[in-house]
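You will see two complexes here that share chain A, one where it goes with chain B and one where it goes with chain C.
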Partner chain A sequence: MSLIFDNYLLLAIAAPLALALAIALGLPKRWSVRLSYIAFAIPLLIALHCWWRFADAGQRDGYAFLATYHTGLGGLGIGLKLGLNGISLPLFVLAGVVGFAAGLYAIQSQAERLKIYLMLLLIMQGGLMGVFASVDIFFFYFFHELALIPTFIMVGVWGGRDRNYAAMKLTIYLTAGAMISLLGLIALYVKSGAHTFDFVALRAYLAAHPLAETVQGNIAGLLLLGLGILVSLWPMHTWAPLGYGAAPSSAAMLHAGVLKKFGLYGLVQIALPLLPAGLVHWSHPLAWFAVIGNVLIVGLITMAQRDLKQMIGYSSVMHMGYAFLGIAAGGIIGPGGVVLLMVAHGLSVALLFLLATAVHHRTHTFAMDEMGGLAQKAPVLAAFFVAATFASIGLPGFANFWGELAIFVALWKFSPVITALAVAGVVISAIYGLRAAARVFFGPSTAHFDGVAARHPPVDLRWSEKIPALVLLAVLFFIGFWPKSVTVPLDAALAPVPLVAAK
Partner chain B sequence: MNLEAVKLAAANNSWGALFPELMLACIALALLVFEVVLPRKQHRYIPDLAIIGVAFTLLGLFLNFDSASLDSETFNGLLHHDHAGQVMRVFFLLSALLVCVLARVSLAKRAVPRVEFSHLVLVITAAMMLLAQSSHFVMLFVTLETVTIGFYILVSYFRTSAASLEAGLKYLVMGALSSGLLLFGIVLLYGAAGNPALPMHSANAMHYRDLAAFLAANPHNFVASVGIVLVLAGVAFKIGAFPFQIWIPDVYQGAPTPVTAFLAVASKAAGFAVLLVLARDVFASYAWLVIPVLTLMAGATILFGNIAALTQHNVKRLIGLSGVSHAGFLLLGVVAAASGAAMATGAVYFYLFAYLIASFAVFGVMTHLAGADDSDQELEHYAGLAKDNPFLAAVLAVGLGSLAGIPPLAGFMGKLFVFIAAFQAGARWLLALAAAGVAISIYYYFGWLKAAFFESLAPSPDGPARPERTPVGFAAGLALSVLALGSILLGFYQGPLGQWLTLK
Partner chain C sequence: MPQHAVLVLVLPLISAAVIALFLRRAGAVAATVSVLAATAIATIAVILALHGERFERSFEWLRLGGFSVSLGIKFDDLAALMLCVVGVVGLCIHVFSLGYMRDDAARARYFGGLSIFMFSMIGIVLADNLFMMFIFWELVGFSSYVLIGHWHEKQSASDAAKKAFIANRVGDFGFLLGIVMCYWSNGTVNLTALGSQHVYSTLIPLLLFCGAVGKSAQLPLQVWLPDAMEGPTPVSALIHAATMVAAGVYMLCRIHVLMVPEALNVIMWTGTVTALYAALCAITQNDIKKVLAYSTLSQLGYMVAAFGLGSLPQLDERGRMVAMAAGVGAAMFHLTTHACFKALLFLGSGSVIHGCHHEQDIFKMGGLAKRMPLTFVTFTIGVAAIIGLPFLAGFFSKDAILFLAFANNKAVFAVLAFTAVLTALYMIRLWKLTFLGTARSDHAAHAHEGGLTLTSPLVVLAAFSILAGYTGIYPKVFSGVFELIPEAHGSAHTIIFATSLAVLVIGVATGYLLYASGPADSLAQKSPGLFGGLVALKNSFDVAYNYYVAKIQQRFAMLLNFLEQIFLAGLIIRGLAGVVGLFGLGARALHTGNLNAYVYWFLFGVVVLWGFATGALAF
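Up next, the complex of A and B:
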């Protein structure tokens, strides 16, 4: 047993990857599908267990479940070091939960070439677990890229409308963003003089030998630009709605829900403690870009959308604006709110993408003008959708509320004007969210929908759709009602930030 | 060299240090003997003997890797054996092995002599192995010419194909020009270093160590600087760096695909092995000249290669121009090495190995898709490959992904090491350019994969028919699987190879 517990996090990463390899080597379809249930469940169970046991688990250097593996690059200060702290724990859980939901949904979907589709999803899942479990900055980047490549392929092969254009655009934007982030990380590695990618060693070294402020500013600028592209910071966001509009639902769930958080996570986990002065240097431009660009401009664009999936894509770009605001605000509450919002948004946007696809199965369209009255035919689907919309708007009772609240509190100290503008954004998101729910589910049904309904009488949410949706919604509610389960370890992990900054 | 030096060289001969090269030469000659002795029916087995011979040479080299002659000079200073030389020996032997495997597939499609092909490949390989270990300009020039003359024949090996002959002629003219430049540079350096009026002048100025001592004592000699630039230009031809890259697309397109692979990987690597030694050690005191020249070359090469590759439809031209961009990335590593970055040398070697593994995977797929006209390999021919032959499509995806530098494949690690080294050397702008180059390169690599995976295009009835795809045989299939898995494994776990290459 101790062999399993000692390599707990590695198991969560390796289980999906191992099955992906087995499928690539020619595992028969029946077995691929059956084993996929297990391969998606293992990361979820490990993540939940880590969450449950986190307080009791012994911590070393601020990390629990620490394990190190050598890959032959020890001379360069690169080694696979896995561990969880209060910042990575919620995201690790998020990756496990959303991955499980997306995996279940994919297994039940009637996708063409299901084996390859599952293989790509499994690679993505393994990469995602790795991103948030890595203590080594190199592997943090490495696993992100590992998870990114399947996204491109899934959009290109299984995508909907405009899939070729969307896949190409996604690839070029995200590769450019990743390359710039990589340069930022290399700059950190070289300029720090610590000759290690190990975050713990790097943090200790930089606490003793802080970087000059201009150097911090330059590196933080590179990271903000690179990671900003990956998180769809305005005006580099155009890949996101297009890509999500075209992506198959499970890929969109995993990318928008989890993988996109990589950039924000990198800023909170790595840039904030290592480059505090650098982030302060950029905080005002960043805040203005986020509030005017992401929150207001993209918010208004979202209101104008007629396509359900595109609307969800745009709304996720908009919510990333709040996360950037939290990072700009700094302190403990700001980044803490960002982590909460990341988890909450990840769950709610994954739920929305899942439900949007469920709606599409029943109406055969994503155009909201052609829907209406679906609530009578599918009341459970409608209830789920309304709940997800409420969560996404940030109503109390859902996890999103706490995230946004914390960000606004921190932001008030930073700049009241920006706070006022950001709060105005909440109204925008309430308008488009509720209007979408109303258009799709209530009101008179359109001629198009009547036609479709006559040919394929719509059924309510099936169990294959209900279970993933329920899993996502349950965690949203759980964190919404008991945010302490996330915030206690989170505060502990964020606390050293001002100490380093003060030096 | 005067008579005295020749006598000394003869006294200093330690043929045992050259056993891999000698073995290759013996096998190469034995192949010709077999062709005369064996009955005609058995001739088809002779190329396989070459493969087995190279494999055994490789095995012998591994067993003898830390041989006693390491870090010593033999043949009166013509050769210097060191760790890097051993690494490059392995590199060239691996290339030769893979070229012979590809040739089995490719040459079978045409009526051409096959024994001589293996013979030439082995002779060129032996010359390249010596080239990488030379420590004397005479050795450098003689081995380089052996390599180049061998390639003149190989490039135009398909004698009945106009494209192949044209490529051979272009390579001949360009190769002769570059040899001329190199020789002129060597002569200028020899003349400058032999001038008795200058400090540290030497009668043995062709030797790297004496030349380096002379250059260190005269750090701003005009004749020597011209000589250095000309030598760099001569080497730049071999690696296809800007502004000497113009021959690449035509020659790569016309040459038989295995020869293209050999040119793209081994010939380029040989150039880089020489360039590393020259830029880092021999010309170290002329860093004020070497670094700016190489920096300009690297930047322009990255830009040219990537931008020119964007519009290509012929995959051989495409891979040729993408190879130009790889030469640019490698030059970035050489710049870092010349500026004294600690890990740059290892980074360049790692990059070369990653490039070898990925390139041969892609070339292997190309040989299977080529028709009777080897120069006509269009992107459209790849349509529907994923459906018809998932194995080749998967190998292609891994190979191209590694070339594009996508994690977790080996190519990414190579790029990462080179980038870190370049950052340590402070080559910021070059690094920004390289990052932009990587982002651009995604477009054409992705376009190629898109043709193979996403387009299930039916061949149009009026257009020329798509060439018939060759079924994958056992040896080629094994080689391709090993290459694809190698790219993946080396990305995840560098293990001994990582230590072997990066820490020395």
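Up next, the complex of A and C:
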């Protein structure tokens, strides 16, 4: 048993990957589907267990559940070192929860070539668990690539309208973003002179030998550009609504919900402690891009959307603006708010993509003008959608509120003007969120929808849709009501940041 | 005792959760659960208040670095009074809902919504800090959204719910900025801590006031409240008349220590103008609920103006002149009496609407006095209370405000006195057209009184509407609020009393003589110019906002979207795509379209890369 207990994190990564490998080697479909339940459940259970046990688990170098594996890459300063700190723990849980929901939804989705679809999703899931469990920066990046490639394939093969263009654009942007970030990470490796990708060693080394401010600024600039593309910083965001509009729902859930957070996570976990002066150097331009571009411009563009999935995609871009603002604000409150918002947004956007697909199954369209009055036919679906909408626009009681609040509080110290502009976004998001809910669900039904409803009488939310939705909603509520479950370890993990900054 | 306060807060949340999770299809059970919760809340609220113990408790809810939010209870006399108002009026309305919503298909959702509302409202009442108040502030907005949009298949209800939430968010924009600014300026948002020490700032109270402008529907954000009448009538009574809209006034009273003269001046004039504007609008309405909605706006304007009028000099026990927060006393006093008589009036209108088979046009009513005698009597008491008939509740609280205005600002006094004339005018109009004369429609001719659940709350609230104005009957436990009520003495007393009487007589006489029991509006017939002007005044805000939303905001959004699609998505990126397309040509050879092939190529690539990296493969 101790073999399992000591290797929890590895198991969470390996379980989905092992099944993916088995499927690739020709596992029969029946078994592929059955075992998929287990392969998606294992990361979830391990993530929840780690969350539960985190306070009691012994910590070394600020990390709990630490384990190192020999890879044969030691000569390059690379080792598979897994562990969780207060920053990665909430995201690890996020990956487990959203992965489970997306997996369940995919298993029940009756997608064509289900086996391969599940295989790709499992690879993605394994990669995601790996991203947030890695203490080694090389593996942090490697697992991201592992999760990213299936996304391209899933969009290109199982995607909806414009899938070829969307897959192409997604690939170009995200590959470019990943390459630039890699350049940044390699520069960090080279310039630090520590000859290690191990984050703990790197941090200790840089605390003793801080990088010069210009070097920090250059590397931080590279990272902000590369990771900014991955997180859809304006104006490098146009891949996101297009890609999510075309992506199959489970892929959109996992990418928008979890994988996209890689960039922000990298900034909070790696760049903030290692390159504090570098980020401060860029903080003002970053904040202005985020508030004018992501929050206000993209917010208004979201209002103009007629396609439900595009609307959700744009709203997700807008909310990433808040996350960048939190990073620009710095300190402990800002990045703390970013982590809270990342988790909350990941859950709520995954839920929205899931429900949008559920809406599509009933209305046979994503065009909001052709919907209306669905609440009369599917009241439970309407209730879930309204809850998800209110979560995403930051209603207290849901996790999102805490993230936004902490970011606004931190931002005031940074710049009251930017804070006022950012808070104005809260009104914008209420407008498009409630407008969408009203157009899809309320009022009398449209002629188009009546026609569809006559041919395919809509049913309310099925259990196969309800269970993943409930899982996501439950975690949103849980963090919303008890934010300390995230902030206690988070606060502890962010606290040493100023110590490293001192030089 | 603190555990009882926690219980009062948690009970309705449990009720809402149980209904949402298990009782969706069991409307009757859901109604019972919700009403039982409301009964328990009212009982505990009264016990808590009478017990007299006042306390503060809080625990930390979240901490990040130096920033912490706590969940706490500040139970002082102000909170005790407000809790009693919410509990008792809430209970009456829950009971009324039992009858009114008996045949509704989505009864469970309705009662679940009421429970969420009670939870959120009690949270505002008990909150010991501004962040917590903001949290519950947003939640009452959410419950209001759910309940206004209860009949969501109606486009108008769906629109009204959306409008209410968005208008409130506009107000909350300022509120939240105010709270954050207050936090950094003072290092705390705890109400008690702010009371002992805070920096002098005009901006902070004004930003915080924005929240009250939204929630209490003051100009220029008043537009959502008349539309909110799309909700079921008991909801209008509870949320949009008695309690939630008064939360803005309550919040101001909570933070009155932060006030400075410049901010008070703005607040006073906002309230005064709202009171007058809404009273003018009320004259033109022919929907029974809309008249009451504008009346609510007007009365909220009174409360806000009263708060803004500020303090009065007073001799303390050692004979020194000190400032007494008379604005808080007058505003809270009027809030309390208004909650009683406005809830009564709304429930009375609900009884009328129920009796007339959902007819809401007062020109299609008439003669209901004979057919619905109990509703008639109680409604008449409500009308008498709101127009300030001597010795009923509204008389005392309105006099307190008029006196304060008389003492502090004569211009405001004149406007508020004129508003009182209008109040008497439109209420008498409503009362006469609804209850007197002869029935002007089949529905009105066959109107009938509702069952016990509909009538008993009317009787209880009518009793409160008579008694609530006698400060002497309140137990001493509320003295922290009631000793702040300004009282006129000597010549000032005579002037105020004479003004009140004159205002009342003029308003009632004009209303009674002007309006004939007919199918059309007498004012519109006799003076179409004046009537048209008032209608235009009423519509002006909606016209302006609709123009802004449709012609400016939406068009700007469309323009940005257009630019986004053309420039960013189209030109720039397609240019880049062209370059990459060259690489794509080469890659196409490997692009077989076979999915397995992709996957095997990918796995192959990983293995080869690993091989190179570890040195297992060599060139």
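As a convention for this text, the second predicted complex is superposed on the first by the 503 of 503 C-alpha atoms of A that agree within 3 Å, B and C clash if a C-alpha of one lies under 4 Å from a C-alpha of the other, contacts with A are read in each partner's own complex, and residues count from 1 in each chain.
The definition used in the following text is that a residue touches a chain if its C-beta (ideal position, glycine included) is under 8 Å from a C-beta of that chain, and two chains touch if they have at least 3 such contacts.
Predicted model only: the values in this text are computed from it and were never measured.
J.: Report for A:F441: first if it touches chain B alone, second if chain C alone, otherwise both or neither.
T.: In the superposition, A:F441 contacts chain C only.
J.: With the two complexes superposed on chain A, say which partner A:N164 touches: chain B (first), chain C (second), both, or neither.
T.: After superposing on A, A:N164 lies in contact with chain B but is clear of chain C.
J.: With both complexes superposed on chain A, which partner does A:L183 reach: first (chain B), second (chain C), both or neither?
T.: first
J.: A:L76 in the overlay: touching chain B, chain C, both, or neither? Say first, second, both or neither.
T.: both
J.: Taking the superposition on A as described, I'd like to know which of chain B and chain C A:I172 touches: first, second, both or neither.
T.: both
J.: Which of the two partners, first being chain B and second being chain C, lies in contact with A:Y265: first, second, both, or neither?
T.: neither
J.: Applying the touch criterion given at the start, work out whether A:A24 contacts chain B, chain C, both or neither, answering first, second, both or neither.
T.: both
J.: Quick one: classify A:I149 as touching chain B (first), chain C (second), both or neither.
T.: The answer is both, since A:I149 touches chain B and chain C.
J.: Which of the two partners, first being chain B and second being chain C, lies in contact with A:Q305: first, second, both, or neither?
T.: Only chain C; A:Q305 stays clear of chain B.
J.: Residues of chain A touched by chain B versus by chain C: which partner has the larger set?
T.: More residues of chain A are touched by C.
J.: Can you give me the overlap between the chain B contact set and the chain C contact set on chain A?
T.: Common to the two interfaces on chain A: residues 24, 71-73, 76, 146, 149, 153, 157, 168, 172.
J.: Which part of chain A faces chain B closely enough to touch in the complex?
T.: Per the touch definition, chain A meets chain B at residues 24, 71-73, 75-76, 141-142, 145-146, 149, 152-153, 156-157, 164, 167-168, 171-172, 175-176, 179-180, 182-183, 186-187, 189-190.
J.: Could you please specify the touching residues of chain B with respect to chain A in the complex?
T.: Its residues touching chain A are 343, 394, 401, 406-408, 412, 416-417, 419-420, 423-424, 431-432, 435, 438-439, 442-443, 446, 450, 453-454, 492-499, 502-503.
J.: Can you list the chain C residues touching chain A in their complex?
T.: 24, 60-67, 69, 106, 109, 131, 134-136, 138-139, 142, 145, 149, 152-155, 157-159, 161-162, 165-166, 169-170, 172-173, 176-177, 180-181, 183-184, 553-554, 556-558, 560-561, 564, 568-569, 573, 576-577, 580, 584, 595-596, 598-600, 602-603, 606, 613-616
J.: Give the list of chain A residues in touch with chain C in this complex.
T.: Per the stated touch rule, the residues are 24, 71-73, 76, 113, 116, 119-120, 146, 149, 153, 157, 168-169, 172, 235, 238, 242, 297, 300-301, 303-305, 331-333, 336-337, 373, 375-376, 379-380, 390, 395-397, 401-402, 405-406, 408-410, 412-413, 416, 419-420, 423-424, 426-427, 430-431, 434-435, 438, 441-444, 483-484, 487-488, 490-491, 494-495.
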